[in-house]
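Next up: some structures, all given as structure tokens.
Here chain A shows up in two complexes: once beside chain B, once beside chain C.
Right, the complex of A and B next:
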């Protein structure tokens, strides 16, 4: 029991207490601009949010960002894991360099893509120009219609390695007999993929999707460095909204309420995640 | 076998040829996709590295120079000697041509100290993770006690709490404790995002070790603690390495919490400083890229050297292995 005590104390202090305290704060109007008066307002922070158009558009942007990113991650990671499941020369080197995006800090990743997307001297413009796809340099992150996709691209690039590694596990767990049996039955490559590979990957796939969705919903770093929610409010997602509300408007009560809604959304989503992981222990 | 024809039937030839073609196509697809993947992963990083070795004059050429004409270490020099240079004032700054963007911010001298801050925080977080997480994982994996399942779920739940939901309560508490702008605030809050993962990986590893080991050690008169230290820890070295690496990288890379709690160079970590450079439009691009390279190199070296441990740890940490 003594072994468990430190973990319970630590997680109680840095995880359980803050999340409960956050719930408590969300019932008050806490503004650092008037630190001495923090009246109890009940559910007002929440009802205000539900009626706030800016909040809903931030939610909508978070949802679109997550949908785009997670589906791209799923497709690319599936293809990459199928490739790395083959035997070929250079496979080991390839799996090693695949860890590079996973390892680099998100802020450095953001800095790198900001420079690539740079409208005056960036690599994206340079490349497209040299390949004759564009005849003059274009604005990328500054274009409202493109911003969210470009940020999603930076997110996908960084997340694909982890998703691939996780999918490879389920691929490797498929017994070779299943394939030989299917071949004896005269299944084509495509049929073997659809009827053997895909069903066997389903649990791993679910886990990747849930995990990456949780990461996408809460993601903050790229938005901070690449666009600060702009241009206009094109990348003003929920996590950015929470940051602005809390640390720029110094309205901690409604910031807490919003982050609480985000946590609840994550919990609902992670129910499956927890159940899958919990079952195996 | 007597009536086997001398020449195989036409469709058999066709079948064999088709198989051969299929094999060639398969190889081709593999080679092409391997090359595409390598480019996809490496091209963005190579561009960052290439830019870091260019002069400011070269970096603004249109179209860009993919490989520097005259590679220079000037940008790195600027970072490593920034401590000795004169502080940037309005006068010294306006002396340079602002349009050239050839400007090294005065906070550049904080870059190396911020790396040290990152290193200190990450090291402390690793140590605390091991002290707190490993015994708990041992208890959950090897001791049957009432509430074991509840503890597993408790730890899993703490693992999915989004960091951004912790920011507001953390900030208020840390401010009340007078710990804003200290490395301690980072060490404590980083435990929230690392400990659940550590416990989770270690539980799985300990479960894979036979219970008999535990029994044998106990029969020989070991206490629980001795059994853990003398029997289990030496056996679980690979997963300990994985845990150390993950915790270290997570702390080294963390941004959101550090952004909230740090204010000066006393506690600013590398990602914070890096982000502050990117928001200054006048900062020289080549300097910025050099700083980015410095932030990228340590974690990438760690990842490549310890690839085996990382992959096995990641797979143990998430999916049914």
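Right, the complex of A and C next:
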């Protein structure tokens, strides 16, 4: 116990204390620009948020972004992992290339997509124009109907490799005997996939769903670099809302309250996934 | 011999050693006193013209004997970083301040007025009025200028001639007419460049459009008047909405175009007209950086039907921290430092001139317009009389209040929403005005 004490002290200082302190200030009206006026407001920061239309709009956008992103990641990662589970020439090279997006830092990824989507000199416009799909350069991120999907696309590109690896691990763990037995029983390829492959992949899927949902709900970098919540409020998601409230408005009390609501929502969703998918494992 | 000397401690030796001992005992006190007399100051700026600042600081220390610890951080994180420093009580004496943050920092008691220092106040006589006003909050002045600039209207003379026009537009309606001709002749798809992305520049673009349409966002009492159909911001926003959606002379991508991206697009020859910070004129006429170098001219800001050629001016200044002001000696040293940068050093506005010659940053002191070196530099890429005439019509941002930061994001979103067609101009401005009044009441 004595030997663990230093670690406990460090953990207490860098993890436990900040968490508890942020919970504490969420019950106060803490605004850095009014350092001498920080009254205790109890649950007001929380109740104000729950009655704020802008907050619920941000929640709705976050849910939409997460649903689109996580669904796309799950489907693409499944297809890619099934491909990489086959023996073919160049499989190792393909596996290595696949890891590149995962290795790129989030901000670098965001800057790269900002160039791709640029309406004046972006690579996407250049490509589509040269292929004669468009007759003039298009506005991408500035089009509020497309913005959230375009950001989701950049997010999916970055996240698919990790999801693929997690699913590939599940695939590799399926005993070959199961497939042999299924073949002997006359199961078709589709039947083998539905009755052997998919059930065995559930642990991997659960991990992917929990991890990617958490990442999507809390994601900030792409919104910060690509749109700053715009145009209008088209990409004003919850993480951006928290950033603006905390670091631009310097309202640490309500910002902390918002962060706690986000943390509770993330925890609840993870619990839901574990209860629904985990029960069947 | 040595043994003899140490063995016999004579009267002279005794006095010598006693004096040395007493000196050693007093030394820390003397050092402390010496330190107090030349206390090291701390100065923090954003990361601009760092080498120029450092060399000017070295000259200050050489001249006054006052050492200065210098730190800088990127503009994008500067406000948040400084607030953290203020709240955390980090040592700080002088810093650069944006006019946008003055009320917020003054209300919080983080920065101190400098108007009790006559050595600083004497420079107001030679400063532009809007600069002095921009450094003043609640009747107190908080610093001396570091740099100032205004939003300028620039045009590509070659495109104008190609379209058959002899002179640039003087009104926003005339700009539409000229732009439509350019579109028809295939000179430019979107002749007017407007950068309306959500970033720190947006309020400057918005204020310019409003002022030149003869409107105000906020009146002198601090109440929102932007929602006023006649004298507010609605007419200006409607012009932008029409320019994007009806006349199609401004790209719909303007809502995702930041100041820098817009500047590059103008420099690439994609537009005939642009609203950019005046100091960009130098870069735009530099062949190494611009494809339309030599063709970029400045004209007075076009005016709306009930407006004028007014534009928005902004400024950054050298301020003094409240902690420095609490100690008289430290405050006086800090005032000397502020004067060295924002006033005259060696009898001239050296720092402002250096910044101008180095990076083209505008200055807020009128005598520099008469400086031959400055005029020669301006003449190499612009019209110094035009520059001076437009600067004389610059107005300070009327929205600069303690709640500006909280209102600014919502205002930007409201303008973008109108441009995107989600809400009409009057509705967007009303939303912004409602938040303004709500915040004003809460403060």
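Simple rule for what comes next: the second predicted complex is superposed on the first by the 262 of 281 C-alpha atoms of A that agree within 3 Å, B and C clash if a C-alpha of one lies under 4 Å from a C-alpha of the other, contacts with A are read in each partner's own complex, and residues count from 1 in each chain.
Going forward, a contact is a pair of C-beta atoms (placed from the backbone, for glycine too) under 8 Å apart; a residue touches a chain by one contact, two chains touch by 3 or more.
What you see is a predicted model; the values in this text were computed from it and never measured.
Student: In the overlaid three-chain picture, which partner chain does A:120 touch, first (chain B) or second (chain C), both, or neither?
Tutor: Both chain B and chain C are touched by A:120.
Student: Applying the document's definition of touch, where does A:165 land relative to chain B and chain C: first, second, both, or neither?
Tutor: Once the two structures are laid over each other on A, A:165 reaches chain B alone.
Student: Chain A residues in contact: does chain B have more, or chain C?
Tutor: Of chain B and chain C, the partner in contact with more residues of chain A is B.
Student: Can A:194 be said to touch chain B (first), chain C (second), both, or neither?
Tutor: Neither partner.
Student: Could you look at A:75 and tell me whether it touches chain B, chain C, both or neither (first, second, both, neither)?
Tutor: neither
Student: Tell me the contact category for A:136 with respect to chain B and chain C: first, second, both or neither.
Tutor: Touch status of A:136: second partner only.
Student: Tell me which partner A:181 touches in the superposition: chain B (first), chain C (second), both or neither.
Tutor: In the superposition, A:181 touches no partner, neither chain B nor chain C.
Student: Examine A:247 and indicate which partner it touches, taking first as chain B and second as chain C; both and neither are also allowed.
Tutor: Touch partners of A:247: chain B and chain C.
Student: Once the structures are superposed on A, label A:67 by its partner contacts, choosing first (chain B), second (chain C), both or neither.
Tutor: A:67: touches no partner chain.
Student: Under the contact definition given at the top, report the residues of chain A touching chain B in one complex and chain C in the other.
Tutor: Looking at chain A, the two contact sets intersect at 118, 120, 228, 247.
Student: Name, in rising order, each residue of chain A that touches chain C in their complex.
Tutor: 32-36, 118-120, 136, 139, 141-144, 227-233, 236, 244, 247-251
Student: Once bound in the complex, which stretches of chain C touch chain A?
Tutor: Touching chain A: residues 80, 83, 86-87, 104-105, 107-109, 189, 197-199, 251-257, 261, 265, 268, 270, 402, 405-406, 409, 412-413, 416-417, 419-420, 422 of chain C.
Student: List the residues on chain B that touch chain A in their complex, please.
Tutor: So the residues of chain B touching chain A come out as 27, 30-31, 33-34, 37-38, 40-42, 44-45, 47-48, 51, 59-64, 128, 131-133, 135-136, 138-140, 143, 145, 149, 151-158, 160-173, 188-189, 191-192, 195-196, 199-200, 203-204, 207, 224, 228, 249, 252-253, 255-256, 259-260, 270-271, 274-275, 277-279, 285, 288-289, 291-292, 295-296, 299-300, 302-304, 307, 310-311, 314-315, 318-321.
Student: Any idea which chain A residues touch chain B in the complex?
Tutor: Residues 1-4, 6-8, 10-11, 14-19, 21-22, 25, 30, 79-80, 83, 86, 88, 90-91, 94-108, 110-116, 118, 120-123, 126, 129-130, 137, 157, 161-162, 165-166, 168-170, 173, 203-204, 207, 211, 214, 217-218, 220-221, 224-225, 228, 239, 242-243, 246-247, 252, 255-256, 259-260, 262-263, 266-267, 270, 273-274, 276-278, 280-281.
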